[in-house]
């Protein structure tokens, strides 16, 4: 079974797992290369990636030959950009720093049509890509709240009880930082690992999807085995810089192996 | 009498009517074509259009040979983008989803200089286009609140009592959707039509301008006859797609007529 | 049978006919709309369209979900841009103003790999779209010489004898102009119509494809019946301006019908 | 001692003074020219300048050969854009219209990592420019609150008591406007001049840096003598227009001198 | 009498003089500022300016509110770009390095419609700006050959005898360099000054317009008095850098005056 | 000794070797990452890379913090683009497909100031980066002719005898293709390897620099040992795609190693 934008919910409900390609470079060319690589799903990062709206639209278009779902991490829980990216054809949104149930409700409000929310009607590109868009929108569009602070950890059950969320997404670096540790995408601190397990557990009980940011391919394998629905291979910038550095070193002399593409 | 950016208020107070060209394509080339078409006024849609700030500035410049007022629909009631578009030379703003008098006051706050509001001073492009800009700004700049939900319908009198608004703008699709109907720009539901009439009526009593989103040329004619000051011919994307589809069908065989360019 | 980039030669050899969508607006958004319209093939016009290289690449990417062949009309018979567009994934080129066999040979030289020509190797995007690209390139890539002057008309047999051309493309406006008439895409002058018929006839004898620029849907139907393999519906700019003008007139009063979208 | 991004705090604590180049034109070319001019520090104005995110990143890159600190004035006190600009490598932020201590706390929250604030972790470009970025970030990044209304003037002590602010920045035009005067960058009103002196005084007592917007080179000299740490030479657009106007007048006849480059 | 795109030939034939604003910065914002400055005519420099096609189109649009003629200096005597800029609405072209009558004939061939030349038909933007474009094109479009080498100096009579040229344009830096001197826009070498006078003289005898590149406002006044039809104030980049440098010096201490904005 | 733009000739004359980073992605972000990687020199590929003029300027600016020489491979031996890239600050040019001494002379003509060549004067960005630019230009600017066909191989001595060339650059893929073999950047055919050795040998005798395109880090090491001055690690697109593919495979299961990043 292939993961597509049309059946993302069904795919994961059927137990499917996914490797999520993470796009931080503001370029249709690298976006298309990411899509050609064959990732199961693709995310354009408008928060920490160097990407703004107009380039994000170009990137969505450049990836349009691929059936993989195109997700967008928006910069912040702001309704203007959330709605613009859905109208532009993203079938999923990841929203950073959802720390309370109120913040989760605001996110749902911005991303779901009435009566569930108050998303404004005008799916200018989305409706051309997906027939019957409005009627199917609540099934089609996957909305993920990031659980990535100590406060969110404590509030996780209330957050996940908010109707209209599709799932949660964990940012281990921010989570660790807010708990007083060094930010890391390959966390080793027992408290952070326990927090991650707790969030996953709560998501399972709430019937929500769960994804997580990963700093290496090995970490992606690990989280999928742990039970996450998807792990993100972050980031294109990190992997690009790492590949270039290794190639340069090989051209000059013996190779050096680095194990991670960065911490964000 | 020709409608221009300099006399938009006076034009409508004198009973003038206007057809508003609606720009959703992020391109100076199509924007210039819209201006050359001869619309009485022009709106760049940053909410549901595929347009961000930098391209909107290009579009304003590309339309600068036309005397028609250039309006911007901002993505949301957020002060940063509202002020940026006014500084860039838009002489009108349409703000989506104003549901309460407080939201209307926040909109006025962001778009009117002290003492009426708290717009920050720095009309970098606007002041080069309009002499004596700051002193005249409250006359020159037209601020429209969108009345497009059941909540706004109920609060319409309080919203329209907020000092500093120039008028209201109706979004029939969102209005219908929030009332429990299918979104449509050629609404047929009696309740929606009654709501539209009520909003127009309240605007007349409040001495405010009233415009409305329309999905066809025929609908524009209809709303102007009904008493609206202007109707928007939405959208360039819809009309482009419709024209292309019809031409292709004609090239292949007998023509098929479609009556609307979309619902947003 | 659907026309695709992979089988363009076979499609026409099997007697298929095509309506060619003509893109002159420098925008991925309108390009994607053209592709969604369902034209059999699509051409990005870098000669008279307002389009340069970087936007043309964006447009190719924005149309990549469609199987239709993406053709590029290059600005002039200059090898740099010809090769760049092929590397970027165009599977066809239309080159303006080929007046002599020498000019045709230079075009083939720039667009065919050795030994047929001297195209430089580096199909950076093309090879990711089409497996086995280099070996199949001479079949895959369709090269059209424009026959559009009195000189070219006279030299048509010699031009079409140049090995490596896939077909010819007629520009009626330039052809008429060079013969001393008003430029027109719906030519009525008997001499121009005779010239067009002669070129088509010579192409048939030479075993080459033949396409032609058309200013209306009716004209496309006509040329396909006359025997051309494809007719281009020119242009998106013309059809956009015409649709906008008609809609504005309808919004203001009784509609006026125009029959053509322009002469180029 | 040269002012650099690495030692901005130390430079001013040692009594250094700075002339701040103010960039309002959305162009890497003019940004690079500004950097080559040799300003002690450089600010990209995303509030009243005609500049959005993607161009601001280009401008930061185009100025990267200069050691001068690159500051960004964000459009509004919105966390999304504040964090994006820091991640993109700005080592300072100026935030408009901080009128209360609560607003100042929100600014600190968005721009400082835990535990001081809640900035999200992901310094994608910043960390490549500054080694040990996260640990040093609170020293490295300078956060300025604009004190530019009568309300802020009254609340200045409470605002400046908020932990995590590096300094204040005065906007004389908005300050004057909110006090009921004409906006001016060379203020003459005694009340405005007194307000400016009071703000500077409070900053000195709070141990904070103080900068101010200036409309001419003479005004910059004046404020540095008054005790400000830096004065901004606003703006590139104003100086460009003034230089062009003077040159044109000189080409046509006797020169006319203007004394200011604008009021914003 | 005001110089406009519509009557450029007539204006100069009536003895009008013009100051030409020279745009080298790739930005619609600075282009619009140049147009607002009130130059009699405006030139976009695609040769030594940092400007390519797509930005040049934006600049033409951004200057469209001004009636002043918009000229383009193309990068080289290449037909593709020459025709593209005319189609995009430039009503004049300056072509560098025309050293022989053959090169002048090639230039005319690319820029004049049949029968005078072989410009390809498709004035996509030009025809919307100028009614009856094709019929009037040879009057409307001004074509200037640059005479700027020792070889061109020698061939000046033959070059100027080529039918279809509107005038010549002198590049003193290149002219001086090719004669063995330092490049300068305020030439002092008697041989260079004599060459300039000779070229002007030949143009007068040939009935052609004559313009010249100038490095300061004073030099523009001088060349207009010498008899040139127009002098270019080169360049926006030079004047920008000079204005910024002077303002910075004034902010730091006593002003220093520079007399020239550069040599190209 | 570090290779810099200022001393490229001296560096190689002193026996220095260099690894050349090859940029094919049209993005300032990836260009800056390439520069941060620490390559000894950097090349922007405008021939087979997906890069046009305006983006190439952005990339040059984004790499400006690095002292490494910035080279440009132009799309073809066309004077317009050659001069534009030098004016924009490239201190080296690689020109494809120089097959004869006449073509080499044309290249020198376009890239060297009089009396050696006829490059037009106007180093708008270059002169701000390099003091005394014009006088030093023939030393500073490195001009490389690509020897990459059987014809060029035969004419190599005559080509290299053209005064004004700095060196040659070998394209093994095109060379192999023109000799009747599969294009490859890790050539194994004895005839191709012999041709490469012959070209290197002739360059050594002519006192010219010699560089070569390489498809892997190992190949770069090999060619430097063979005596080449520099080897290019081609390409960023190839290495990006390879790194992404490997990471995805590792995330899914056991890793697969690929040995080359492509053939162009």
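To keep things simple, chains are lettered A, B, C, D, E and F as they appear, and every chain counts its residues starting from 1.
Heads up, the rule we're going with is that contacts are C-beta pairs under 8 Å (C-beta built on N, C-alpha and C of every residue); 3 or more make two chains touch, one makes a residue touch a chain.
In UniProt terms, the chains line up like this: A, B, C, D, E, F = 2,4-dihydroxyhept-2-ene-1,7-dioic acid aldolase.
Treat the numbers as computed from the prediction; the structure is a model and nothing was measured.
Asker: Hey, what chains does chain C share as contacts with chain D?
Answerer: Joint contacts, listed by label: A, B, E, F.
Asker: Can you give the shortest number of steps from chain A to chain E, where adjacent chains in the path must touch?
Answerer: 2
Asker: Just how many steps, at minimum, does a route from chain A to chain C need if it may pass only between touching chains?
Answerer: So the least number of steps between the two chains is 1.
Asker: Over half of the residue-numbered contact pairs in common: that is the test. Which of D-F, A-D or D-E passes it against A-C?
Answerer: Duplicate interface of A-C: D-F.
Asker: Since chain D and chain E are copies that touch, just let me know if over half of their interface numbering is common to both, same, or not, different.
Answerer: Result for this pair: same.
Asker: If you average the Cα atoms of chain B and of chain F to get two centres, how far apart are those centres in Å?
Answerer: 53
Asker: For chain C versus chain F, what separation do you get between their C-alpha means, in angstrom?
Answerer: 34
Asker: What parts of chain D, by residue number, touch at least two of the other chains?
Answerer: Chain D, residues with two or more chain partners: 26, 29, 33, 36, 50, 52, 54, 57, 78, 81, 125, 128, 237, 241.
Asker: Report the complete set of touching chain pairs.
Answerer: Every pair of chains meeting the touch criterion: A-B, A-C, A-D, A-F, B-C, B-D, B-E, C-E, C-F, D-E, D-F, E-F.
Asker: Note which residues of chain D are touching chain A in the complex, please.
Answerer: The touching residues are 52-54, 57, 78-81, 83-84, 87-88, 113-115, 118, 120-125, 128, 134.
Asker: Considering the complex alone, what residue numbers of chain A touch chain D?
Answerer: Where chain A meets chain D, its residues are 24, 26, 47-52, 54-55, 74-76, 78, 81, 96-97, 148-149, 171, 173-174, 177-178, 180, 183, 235, 237, 241, 263-264.
Asker: Where on chain E is chain B touching in the complex?
Answerer: 28-29, 32-33, 36, 57-58, 61-62, 64-65, 125, 128
Asker: Spell out the part of chain D that touches chain E in their complex, as residue ranges.
Answerer: Against chain E, the touching part of chain D is residues 19, 21, 25-27, 29-30, 33-34, 36-39, 50, 217-218, 220-221, 231, 233, 236-237, 239-245, 247-253, 261.
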